[in-house]
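A, B, C and D are the chain letters, set down in written order, and residue numbers restart from 1 in every chain.
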Amino acid sequence: MSERKLAAVKSALASQRIETPSWAYANSGTRFKVFTQAGVPRTPQEKIDDAARVQRHTGVAPLVALHIPWDRTGDYAALAAYARQRGVRTGTVNANVFQDDDYKLGSVTHPDPAVRRKALDHLMECVDIMDATGSRDLKLWFSDGTNYPGQDDIRARQDRLSEALSAVYERLGEEQRLVLEYKLFEPAFYSTDVPDWGTSYAHCLKLGPRAQVCVDTGHHAPGTNIEFIVAFLLREGKLGAFDFNSRFYADDDLMAGAADPFQLFRILYEVRVGGGLEPEAGIAFMLDQCHNIEPKIPAIIRSVMNVQEATAKALLVDREELAKAQRAGDVLTANGLLMDAYNTDVRPLLADVREELGADRDPMAAYAASGWAARITEERVGGQQAGWGA
Amino acid sequence: MSERKLAAVKSALASQRIETPSWAYANSGTRFKVFTQAGVPRTPQEKIDDAARVQRHTGVAPLVALHIPWDRTGDYAALAAYARQRGVRTGTVNANVFQDDDYKLGSVTHPDPAVRRKALDHLMECVDIMDATGSRDLKLWFSDGTNYPGQDDIRARQDRLSEALSAVYERLGEEQRLVLEYKLFEPAFYSTDVPDWGTSYAHCLKLGPRAQVCVDTGHHAPGTNIEFIVAFLLREGKLGAFDFNSRFYADDDLMAGAADPFQLFRILYEVRVGGGLEPEAGIAFMLDQCHNIEPKIPAIIRSVMNVQEATAKALLVDREELAKAQRAGDVLTANGLLMDAYNTDVRPLLADVREELGADRDPMAAYAASGWAARITEERVGGQQAGWGA
Amino acid sequence: MSERKLAAVKSALASQRIETPSWAYANSGTRFKVFTQAGVPRTPQEKIDDAARVQRHTGVAPLVALHIPWDRTGDYAALAAYARQRGVRTGTVNANVFQDDDYKLGSVTHPDPAVRRKALDHLMECVDIMDATGSRDLKLWFSDGTNYPGQDDIRARQDRLSEALSAVYERLGEEQRLVLEYKLFEPAFYSTDVPDWGTSYAHCLKLGPRAQVCVDTGHHAPGTNIEFIVAFLLREGKLGAFDFNSRFYADDDLMAGAADPFQLFRILYEVRVGGGLEPEAGIAFMLDQCHNIEPKIPAIIRSVMNVQEATAKALLVDREELAKAQRAGDVLTANGLLMDAYNTDVRPLLADVREELGADRDPMAAYAASGWAARITEERVGGQQAGWGA
Amino acid sequence: MSERKLAAVKSALASQRIETPSWAYANSGTRFKVFTQAGVPRTPQEKIDDAARVQRHTGVAPLVALHIPWDRTGDYAALAAYARQRGVRTGTVNANVFQDDDYKLGSVTHPDPAVRRKALDHLMECVDIMDATGSRDLKLWFSDGTNYPGQDDIRARQDRLSEALSAVYERLGEEQRLVLEYKLFEPAFYSTDVPDWGTSYAHCLKLGPRAQVCVDTGHHAPGTNIEFIVAFLLREGKLGAFDFNSRFYADDDLMAGAADPFQLFRILYEVRVGGGLEPEAGIAFMLDQCHNIEPKIPAIIRSVMNVQEATAKALLVDREELAKAQRAGDVLTANGLLMDAYNTDVRPLLADVREELGADRDPMAAYAASGWAARITEERVGGQQAGWGA
């Protein structure tokens, strides 16, 4: 690789921004058990403190996403200022319309208009919070759906969904966006109102340019080719955000890149091909994970590094040679060129990038040596540990 | 059920039209083996003869779909006339751009423009045939895709696909439609160029109102809620056709309703809710199956009956009571109302409908008693049995 | 059907016993939210009261399974006596080694011997409880597994599992059994220590005749043919118990028969073929479900009825005619014979069976009319509602 | 890594033997189309010539598996001698009881005893061939199963299977083995008679020590943890052979390591842990793939290299450190140690190993430069290209 190309790769890696989710610093679990961990944050501010550690060691994670009401606070502007003081910024605002008893049968698609109104009010409140924090993106995930055939009218629920989305879209400011997540199933076990990218895409298309699709890498049916979806949405100008995590089975929410690092590489290669690594593409690269059994901060650091490694490999693909082989129909050479990049050990390259960013060459080791884990274990005693609040 | 409602149900069942595919009368198999059967047609005319038997016994299968080149003939108008003389009509024209050596790496999305041109020429020829036969629909299924990551550019293939579809769309007459099928995988094993309903929908949306999505019930990832897709497309006015068949695993192409009769019922219930049973909705209800080990004609009769039974049950759902329970959030009553219809034995009702249509109360028994199987076994000797030609 | 055959069918249906799980009367939910319901039991006794209602209306649910510690009480013999007074009996004892903080990385397969010892002690305690209640079966489900490749040694965990199972097996009395459940995934997201029937079977085989496999219908990979497993285990004499429930995606724990009634029928047909409906086969037919959004008691009644309907249809299959068609290789006739039974409306037959049992012809309506729901809503106020305790 | 350890790793890699299948040098395809390729062998001898090229360039592929009747010849001892002259040896004999018209409804499990007899005769013939060639292993894959519920008796088919396996087992010589493959589905689409490892294991257990399970990496349900199965079978002493290939969806038969290289690594890590890399473990490491669109010889070379790379990474795992982290319950460190090995670029190491074996450092380049492809394209003209013969 030429010096010029290497510099371009390093520059792209240095400018990548990976957003971490406030809730990944808190307790999480399965329906069977939430195992608590010592030192877990009790307040949004403590979550931001932890996010700041991730940023300090990695240098590419300056944003922390909020989740309302899990990060509810009296003064969001103050929270944003707190984050800036710690060297990070508050990012995407994530709405929550799935944890109130009223939402048992849905939120914005609930058969009862009063529940729909309540859910919509919450979404509007989230835009208010975005105004206060200066956030660009409102992330909408609806757990809405049904558990039994016949339980509700699938089509009528689309009408209700469409109505709510339109109301939110109209409320958005010029620089604000709505990103609509889709998910195959869970917690709804028969039908889900936004189950796939096609549904999210169709709604976003009608809403307008500030409505974009969010791809959560764990939310697909078995066998789904996620990089195809990514390539397709980029071609349509409709890819707004990623929720990175990984899975072997369902929505396992494991660390990004842990279950199928080759898939993560293929996804990031399509991001690169579609121009999605350019900052002006405006794509939010977010983690959305549950660290049920492993310590949270190092798990997030590791996830950030995994996304970086996949990105570095994607950037190493020799696209000119690849295009030649593809045009020639040379299947094995084309595949081989992609695999050459994947098989490269990019860890030294990324260590260099981190050093140039003023971060740590080995973020895992640096965090382990930092004493932060011991400190929060000691200091964060008493109070209520943050969690999903399920 | 009131007399008036019962009459409406019977009327809807009597007006249903199920199209049978010419190729299902011919030999088919797996990659491991095509088991031949005695009496299989050797010509498009003999396939039509068989389709006419299905129509005679069931009364609701007056259309037979063609597949080019499997049904290639010198005079398509004559073929259409032949069908009419047998009491059926030629229906959808199915293009085939997957069985020429040139299509090894794709047809309309092939990296080589010469291959793309050849494929497009075939699609245009199919529209010519539609002109000659008076067919309304051109069914497009593209096996195009790749087997290995890197083999070709996913995004560039979408550009090529879009170009070809536009060219075909412009060629269509005012009364003609293009229906675009999607399929998760097979024969492409890594990426498929039209893998899901979202991709088909997005292309059809750009093409215009005469481009519609075709839902093949066997072409989805495990766990996909097909009736959701049906409901969504009907709401968007973009459901053009069904390819009915059933599956336990992949694209097994078993008889419709054989693997999951409850799913078929749920699909047809959404069709009913979305107005898709009305003739003016213009939805083509087609079978697309492979009878690898069972005799073909009775398997098709059975499949037609299975679609009818699912439709009858869908029509029996008491929508008023159901809407009440849904509005009230009464999960068990709503589900119970749907299940009441499903658990009803509709075979006597359908026997009555068939009788009123002048067909047979028990089509399977009538076919068995007709002597047709013995006759074709005796007569169709010599020549080349029709098949997929793989 | 001859009178004699009909009588045999009714007799088989009348002698069927379906065990209901105490925890299904309590609150449950997903990791996102547990929606509470009014009137939910607060004590094991109240769960038994609810189970007694199910028995009263259906006549075939005289057993209620316990879960320790969810049903922990000071005097298990007294609890059993309480049940008998209400007209039911306590059945299978279900161990719980997944909800203590110590079990974060496993129970009997945990790398730490102290945790393994603790888990084993609990299993032994469960056998003590069985002694007190007179229960025949100890149901073992281990959530043990790992979330990340490398986290622990897959093989060493089998050694530890084997050791624990042997210890429990030796502790069992002559009339007691151990039934070992398997589950594909959840809560472990990478490897599970008893993930499939083969693993459970292999361990049970080594343990001896009183170790049997438990088939939970929701615990398989997509596409798994569960009735094959049932047929195979019956042939081997190794099918000990069912946990019935249904699913569209993962371990959804919906009402049995709600998601795929045809599958439930096929399973019960294999049970019949393998002699599993005979009481001397000793198979426990249990429900294991989560009624997250629907009222619990009627959901359980409905599930019992769904199992009965599938059983009735399985009994209606004309095995003599079927065997003839199978021997003749007549695929369509054989399939048709099975479907004839499935397509029969067995609800009137079951109403008769219930009447003869002294239960209600329409258990759902009878429960609705009974006033029980209103009564428990009124009476069960205050205290702590029972739930999974996650 | 210490010099001593590195030497051990290289030694293990140098002693690895990967068997290539004669049929992978021949034409293959999907049910839609078999695309032929220039230069494809027309005889078993020409297949062996191609296998010898793979061995020459890689140095670790000295065995070529036969498939009867695809490799039928008059003198098998002569064929074995031919192979030895080319520097390779004939290996596993693969039986074929799925391509005769008689096998439409099964072979050894067919309802008709005459068909069962015919199938068994073929299996016996394969043992005769083993005697002639000196092969150790008889590989049995049965496509037997059913397409429709009710078509045949699942349990009776197990009885027939068991009978046939016993007869074959008794016929085996002291040094011969039977390896029983399992497969989820295809070509049977409802039930398969050996669908999973549990079924194969149970039969092999009853047969005796010379019956072993064959794991084909493409034959599992979605989400199956294959390395768990490998670890389990090794612990039981019942893992006899691998059929390596890779898949994104069903039994795609892509090049090993192409679809999920991380999975292949995890599998080979469990092989290492279980002692399966030791020659005395007697495990056959075979490829079983279809090169439908890519040139066959280089695809096989690439596959051999992929297996080698996965093996090399598996050998690099620091098991001592890993055991420490596992015992300590340090999830992230344990996972990190495994990933360190996986993320290492082992290509230079393998180039060294090949050089020491007298093979080529870069087998793909060496083959491309060898002129063999041009030569066979020129020479192998006329005659009938070898293929699956479906």
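Just so we're on the same page, contacts are C-beta pairs under 8 Å (C-beta built on N, C-alpha and C of every residue); 3 or more make two chains touch, one makes a residue touch a chain.
In UniProt terms the chains read A, B, C, D = L-rhamnose isomerase.
On a predicted model such as this, the values are computed, not experimentally measured, just so you know.
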{"item": "Selected interface, C-D versus A-C, where C-beta contact pairs are more numerous", "value": "C-D"}
{"item": "Equivalent of B-D within the choices A-C, A-D or A-B, defined by over half of its residue contact pairs recurring", "value": "A-C"}
{"item": "Distance from chain D (L-rhamnose isomerase) to chain C (L-rhamnose isomerase) - Cα centre to Cα centre, in angstrom", "value": "39"}
{"item": "Set of chain A (L-rhamnose isomerase) residues in contact with two or more other chains", "value": "104-105, 147-149, 184-185, 190, 222-223, 225, 248-249, 258, 262, 293-294, 331-332, 335-336"}
{"item": "Residues of chain B (L-rhamnose isomerase) that touch chain A (L-rhamnose isomerase) when the two form their complex", "value": "104-105, 111-112, 147-155, 158-159, 184-185, 190-192, 195-199, 201-202, 205, 220-225, 227-229, 231-232, 234-236, 262, 266, 270, 273-274, 317, 322-323, 326-329, 331-332, 334-339"}
{"item": "Interface residues, chain C (L-rhamnose isomerase) side, partner chain A (L-rhamnose isomerase) - complex", "value": "28-36, 98-99, 101, 103-105, 143, 147-149, 184-187, 189-190, 222, 247-250, 252, 254-255, 258-259, 292-294, 388, 390"}
{"item": "Of chain D (L-rhamnose isomerase), residues touching chain A (L-rhamnose isomerase) in the complex", "value": "222-223, 225, 248-249, 258, 260-262, 293-295, 298-299, 302, 309, 331-332, 335-336, 342-345, 347, 364"}
